[in-house]
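In the two complexes below, chain A is the common chain; its partner is chain B in one and chain C in the other.
Up next, the complex of A and B:
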C-alpha cells in the first residue's frame, strides 16, 4: 500500500474474541499506570458515564437530536477530497458523508461492522457461474444534491476516471487490475464511455462488472469510495474535489483547499434509501493543517469534536489522558489495520539460511520493540503476518520467545549454531530515517540482537523513495546487504487476500516498488493465494488465508512487532459515537453534537 | 585588523608593566612572558573556573569508557542498552520523579527505551570533544601555515591566500556539511560507519574554519616582519625558513592559542547542530545534538531529556569561552 494511512478493514469472525480480549487487556493495563493514580476517584460522578473503550463495543451517548456544528481537525491536508482520488483511511470513512459507494460496511460497533451491506446497490453483487461477472442493481430514486437522479452510467464513469486516467493518481487501481477492459485509455483521452468494456450498463439501474479472472471478494472492492457515482458532465478532473456532486446526507458549502471544508445538509438525501448513515448536525466543519498537539488540547477542552485522521493522541496528550481516570474514560483504543513488522531478506547472507532467521525470531525483545509504538496502548505484540482484524486470522506463535516476549536467548544461540554462526554475525537493518518510531524500533532491535552477538548497523533511508529506490528495490537490497527491513502494512479490505497478496506473493516481487521485501517466493504460498481468491465459500476462503499466514511464518523471514492500536479521544459533547471496526475510527457518518 | 584579538608583539614586550606588576612581589626578578601570563590568568577567577571545567570534562570524556577507565560502567549503564522495565508503558515516560533520576541513573532515563542518560551524556561528550579538538587542530595547522606565508611573503602570495580565505569564509558551511555527510556512503577511505562520519565532520569543520586563524596570524606576521629582531636575523644571514619557524612562530603562539580555545566551543556547537539535524554520528552512538532532536517529541512528558544534553552543551561551551577569554586577557593586557 502506498500511503501510510491506507484504509484497511478489520476482520469479521475473529474480531469478536480478539476485540474483547483487546479491550480487557487495555482496561487491565489502565490499572497499573505507574503514575500513581488510585482508581478510587470519580466513581460515576462525571456527566457521561462512558468508560475507556466503551465506544469499541457500544454506541456512546446514543441520541437522535439534530442540530449543532460538528467540528473536525486534521494535522495534514488530504490528498484530495474527491472520493475517487484519495487513499487515506480517514477519507474512505469521511467521504461517505457526501458520497455513496455500491456497498458499505454495517454501522455497528464490534465485528458486526465488518459485514458488507448494500448502499447505492439494492443487494450484494450477483456473481455468474464462472465467477467473472458481477452484477449490481442500483436503488431507485437516489438523487444528487442538485436533484438529478443517479444513473448506472455515473458509476461506470466514476470507476473509469478513478482507475484508468493518468490525472487521478492518488487512489488505488484495483479495478484497472481486475476488470477486463482491454487497453482502454480512460475518459479524459477517450470521451466515448462505450469504449470502456470492463463495465456494462444494460439499463439505468444495472451495473455489470466484467473481470479477467474469478475474484470472490469483489464486494469488498466496490465498498471503496471509487464506486460512488460521478456525473460525467460535472467532472473537472483533479479539481472535482472542490465541488463533488453529493449523494450523501451532506453537501459542500465551501472548500478552501488546504485550509477549511464546510459541509451542510443535503436536502435531496433521503433517509429512506439509506440504512447506514444519519444526518444529525446542521453543519460539519473541517480545519486542515492544524498543529497536532493543539488538536489534542482542543479535543480535551471540548472545542473540537474529532481528530479527523484518527491516528490518536500525541505523547503529551496521551500522558495527560492516561494519568487522569476521568479523561481516560473518554478514550478508545482500537486496532488499526496495520501490522508493524520486520522482513528478513532471504536473498542476503546469512539470512538465506533459515536458521539465521530463526535466531533473530528468538532473540528479539518484543517488549522493547513495542515501546516506540506507545507500549500496550500503541499495539499488541504480534506473532503473525495477518492482524487480528483480518478475516482468516488465527492466533499462533511459531517462535515463542520467553514469557513477555523478551527473547529466548538459549534458543537463539541454538539457532545460531545451526546456521553456522555460533558467535553471531553482522548485518544491516534498513529503516525510514524520517520516521522516529521506526528508528527507535531499529535501535531496540539492535540492542536485543546484540545479546546473542548479532551486530546490526542501522541504515537510514528517506521514506519518499523508500520503496522506489531503497528497501523496495531488490538490487539495492542485495548490493547494500540489507538483511533486515522495518516496514508496516495495512490492507485495503479486511481479508487475508487484501492483507497478504502484495507482501508475500512471490510473483509480486518487483525490481522497484517491491513490498515483498523478504523476497519470499514459495510456490505453495502462491498457489494457496490463487486458490483462495477463486474460492466462493467465505469460510473455506478464510481457512486458506490462515494457512498462508502459517506458511509465511514458517519461513521465519517475517517477524511482527505490533498489531497497531491508537488511543483516540471522544469528547463528552460527542453523541452517537462508536468505533467502526472497518476503519478503527469513529463512524463519521453517525456523529452528532450536544447542543 | 580585529582589535580584540590583536595580541601584538608590542604587548609581548610590555616588560615595564610586567616588572611593575612583579614589583609587589618579594624581589624584582626577570620573568618569562609565559610566567607573567600565568600569573595574570591565575587572578582571573572565571577563567580558572572555565579551565577546571574543561580539564574535568576532558578527563571525563577520556575515562568514560574502557580501556582508559570506566566511569560509565561505575556510575551507570551501557549507553546503548534499553531499560524497558523502567519506562511507564502507557505514557512512554520514565517511571519515578524527575525522569527516573536515581542513584543508578543519576541523570534519569531516555523516554520510550529507558537508556541511561548519564552514560549517554558522557558518551556524547566523547564525540563532541573529539570532533571539536581534532577539527580545531586541523584548522590551526592549516590556518597558521597559510597566515604566516601570506603575511611573510606578501605580494602575490598574500593576494592569492587572502582571496582564498574570502572564498572559504563565504562558503555556506552548514549547508555544505549537511550535503556531504548526508550523501556519504557507508564505507570510504578505509573507514566505515561512525568513524567515517566523524572523520568527514572533522575534515569539513577544520578545513573550512582555517581562514579565521589565518587572518589573525597574517595580521600579526605583517607587523612582526617589520620588527628589528627580524631585520637583525636577516642581516645575520638567516633564511626565510629560519625566520618563519624560529623568529616568527614563537611570537605567534599566544594569539593562536587564544583563538584555538575560542574556536573549540564554536566547533562543539557546530557538531551539535549537525547531530540535531540528523547528519551527525548515527545511532546508537549518543551525541548531544542527537539527544536534543529526540527530546523535542517528548519535552512535555520528559523535560529532563531536553535539559540534560542542553545543559551539557551549555556548560561545555561556556567553560571554553571563559577559558579563552581569560587566556586572551592574560596574554594581551591591552585588550581588556
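Up next, the complex of A and C:
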C-alpha cells in the first residue's frame, strides 16, 4: 500500500510538472517561447530560403511587421548601459536603440555601412578653414522619452561628463584629447557649464567644437555614443545607466544592473527625424551573465534571437551547426574589427635588425597560426596591419610565404644569414596565458619558426595586467627579452587613423599601457599620420592610410595571423537581419521578430 | 540552552571578523606584497585605453592608495556604520551593513547580495529537500535489501551521481528536456516565486534534479553505510527481541541513530549552498549568489568577493548552529549532556 502511494505520488508529480511546463512560457514572452520550442527541430524556425552568409550582403527576412519581443542574451554584463560610459563594441551598436549621437553609420550591409550619415545632426560637420572648428546643426523637434526637446547644451553636457570626470571611466576620452578645453575640471567639480570652452552652443540647435589641432575625421568621433545628449538635470553620474533619457526608438522600462534590461517603445521617437533606425518589436529584453554554451543552444532552439556580444558560437555550437547544412544556412561569418597579430620589438635583439624580423615573416606557417582561431571560419589569413573592413584598406603581401601560406623556408634562411644568425637564434614570445587561442597561436608559431632554427620560449602573463605591467610596459619588455608579443587590435572607428594611430605612431609609445609594442618610431609614419588626419579630402586621406600600412609592413615588425571572423547564428524567427560592417554584428536597430 | 546559543553567536561573530581579515589580506595584501601598484589595480576598472589621469581618478575614487589598514578599517566601519559613495553629481548612501561598492558596476554589495539570495535559496532548499528525501530513502532501502539487485543498481546510480559533474548533467538535461523535448524551459528562465510561481517551479525542476542527483548519491551511500552499521548494534537486536515491528525498529531506532552524522553533513552542505551553488547557477544561468561570486572573481571585483565570502561564512556558521541545536532533538545523548 505504501509503495503504491509513493509511486502514485511520483507519477502525479511528473504529470503535474509536465502539464505546468506545457502550459507556460518564459517570463514576458510566452508566445515567442512556445513557437521557439515548436521549431526546435528545424533549427529555430521554419525552413528559410536564406543561405549561409546571406545577411552579410543583404537583408534576410525583410519585413516591416511590428510586434513581438526581441530577446538578446549575453555571457557578460556591460561596463555600463550609459552611452557616455561604455567601451564595448556591442554596446556602441545596441545603445543606438535608445540614444542618438550626432552622426551614425549608414544602415546597409557591406562597405556602404562604413559611410557616415547624420543622426541627431542635420548634416555632417562644417569645418572651418583652419580645420580646428567643427559645427553641427541639430535637427529640430527631436525629443526625449519624457517629451522635452533636445537642446544643444545637452550634447555639450554629455561630452563634458563623459570625458572630463573621474567617475565615468569606462568610455574612451577622445574628446578630452582633441578638444581645446584648457584645464576644465568637468561638470561634477565645476557646475558652470560655460567654463567648458571646448564646445560652444551659440543657440539651442548649434554645437561648435573647438579643437587643439585639425582633425579631419571628427565626424567619426561624433558617431561615438558619447555625443548622444544628456539633460544635466537628469544626470545621476554612474547611476545614469539605470534610467537613460532616451532619444531613440526605445526607452528603458527597467534595468537590474548585471541581470536584465527591458526596453519598450518610446512614444516620443519620431521616425520622420530618423532615417537609420526602425521600431519593429514591441519590446526588447536582454539577459546578462548567461551561460555561453546555453546561449548557443537557446539560439538554435529559437528561444532567444541574438547573442548580444556578437562574438559568435562557442566551439561546441560551431561544430553542431557546421556539420548540419540546414543549421549552417542560418549562420553568417562576418569580419570583426579585429586583427590578430604578433609584434616584434624593434628594441630587443636580434629583432633590432630588420632581417631577423623578415626571417620570422617568411618562416611562419600561417595556416597553423590560423587554426586556433577556428580555421577559415575564424578568420582570413592576414598580410597587412589594417583589416579589410577598415576604410582605406588595400590588400598586399610584402612577405609571400608560399602559395599555401605554410612558409617559405628558403627565403627565411636567406634573411637569417643577412641578419647574422644563419643557424637561427633564441628569443621569447609573450602571450596572455589565460587566453587559450593566443597560447595555441604561440605554440604554432614556436613550431613553425623552429624549422629554421629560431627557438621560441613562451612566456605567459595574466591578461588583466597585460598592458599595464607586462607587454605594454617597454621596460619590462626589454628586461625580459620579449622579442615577440601576441596581441590583437580593433579600431574605435573604421578608418586607417582609427585603426593605426594607437599601435604604430611612435609618439603613442607609453611607459605603461602601451599598444605600440614593437616600439616602432618611424618619423615618416608619424608624419603621414599627421598629414592624413589633417587632409580634408576623404579619398586622399584613405590613400595616406594605405601608405602608412605599407610602411608598417616594410618595417617587418608586424605580422598578421588573421583578420578575425565570427560565426553568428540568426534564428529563422529573426526579421530584417543584416550584418553591419562597422561592428561585424547584426544591426540591432533594425531587427524584428516573426509573430 | 540560551547561554549555549549566546556563546555560539559570539564565537560566530569573531569567526566572521577573522574570515573578513583573511579574505581582505588575500585580495589586497598579497597582490601589494607581490609588487602590484594601486595604479595597476585601478587600471582594471577603467576603460581600455584609459589615460593616466583616468587611472589616477580611479585610484582616488576607490581609495586604492590608502594604507591597507585604513582600507580595511573603512570596510569594517562600513559594515557597522554604513558609508557614502560618490556617483558624480550626487552621493549614494549605503546604510549599515554596507559591504562596499562593486568596483565594476558601482552598485552597493549588500543590496546585490540580498537581491541574489532568493534565487540561491530557492535552488538550495528545493534541491536539499529532494536529495535528503531521495538519498536517505534509497540508502535505507539499499541497506535493508543488502546484496540484492536493487541494492547494486541503487549504488551504481549513486556512484554515477557522485562522479558526474553538474555542468555535464545540467547541460545534458537542458539539451534533452528543454531544447529537444521542450518539456521544461531552457537556461536563464528563472523567475522569482513572487512574480510567477508556476514559472518559478518549472524553471527550477532541472536545476533541482541536477543538483540533488549529485548530493542524493552521496547521502544514499552514507545512509546505507550508517544503516548497515546500526542494524548490527545490540540495541536493535534488543528492540526486535521486545517484539517491536520491523518498521518501528528501522525508523525509530536504526534510522534515528544513522541520521545524526547525516544531519551534520546536511547542515554544512546546505550552508555551503546558500553561499552559492556556483556550478549549478552558472550552468542554468540562475542569477544567484554563486553566479555573482564567480563573475566577481573573473572581474577582479574585490568588494563583491569579500561580501560573498562573509555572506557564505555567515550561512555556514548559522547552519552549524542550527545543526547543533537539532542534535539535541535527534540524539537523546546530546540532550543529557
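Rule of thumb we're sticking to: the second predicted complex is superposed on the first by the 549 of 595 C-alpha atoms of A that agree within 3 Å, B and C clash if a C-alpha of one lies under 4 Å from a C-alpha of the other, contacts with A are read in each partner's own complex, and residues count from 1 in each chain.
Keep this in mind: a residue touches a chain if its C-beta (ideal position, glycine included) is under 8 Å from a C-beta of that chain, and two chains touch if they have at least 3 such contacts.
As the structure is a computational prediction, the values presented were derived from the model and not from experiment.
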Count the residues of chain A touched by chain B and by chain C, then name the partner with the higher count. C
Once the structures are superposed on A, label A:447 by its partner contacts, choosing first (chain B), second (chain C), both or neither. first
Can A:459 be said to touch chain B (first), chain C (second), both, or neither? first
Just chain B (first), just chain C (second), both, or neither: which does A:502 touch? second
Quick one: is A:237 in contact with chain B, with chain C, with both, or with neither? Answer first, second, both or neither. second
Touch check for A:173: first (chain B), second (chain C), both, or neither? second
Residue overlap on chain A between the chain B contact set and the chain C contact set? 33, 293
Chain C touches which residues of chain A in the complex? 17-18, 20-27, 33, 37-38, 40, 73, 77, 79-80, 87, 161, 165-173, 176-177, 187-188, 235-239, 256-259, 287, 289-291, 293-294, 297-298, 300-301, 303, 464-465, 467-469, 502, 512-513, 515
Can you tell me which positions in chain B touch chain A when the two form their complex? 80-82, 84, 87-93, 95, 111-113, 186, 193, 278, 282-284, 294, 297-298, 300-301
Residue ranges of chain C in contact with chain A within the complex: 36, 39-40, 43-51, 54, 57-58, 60-61, 86-90, 92, 104-107, 112, 115, 171, 174-175, 178-180, 182-189, 191, 195-196, 198-199, 201-202, 205, 282-285, 287, 291, 295, 300
In their shared complex, chain B is touched by residues of chain A numbered 29-30, 33-35, 293, 315-316, 318-319, 322-323, 365, 367-368, 370-372, 374-377, 433, 436, 439-440, 442-444, 446-447, 450, 457-460, 480
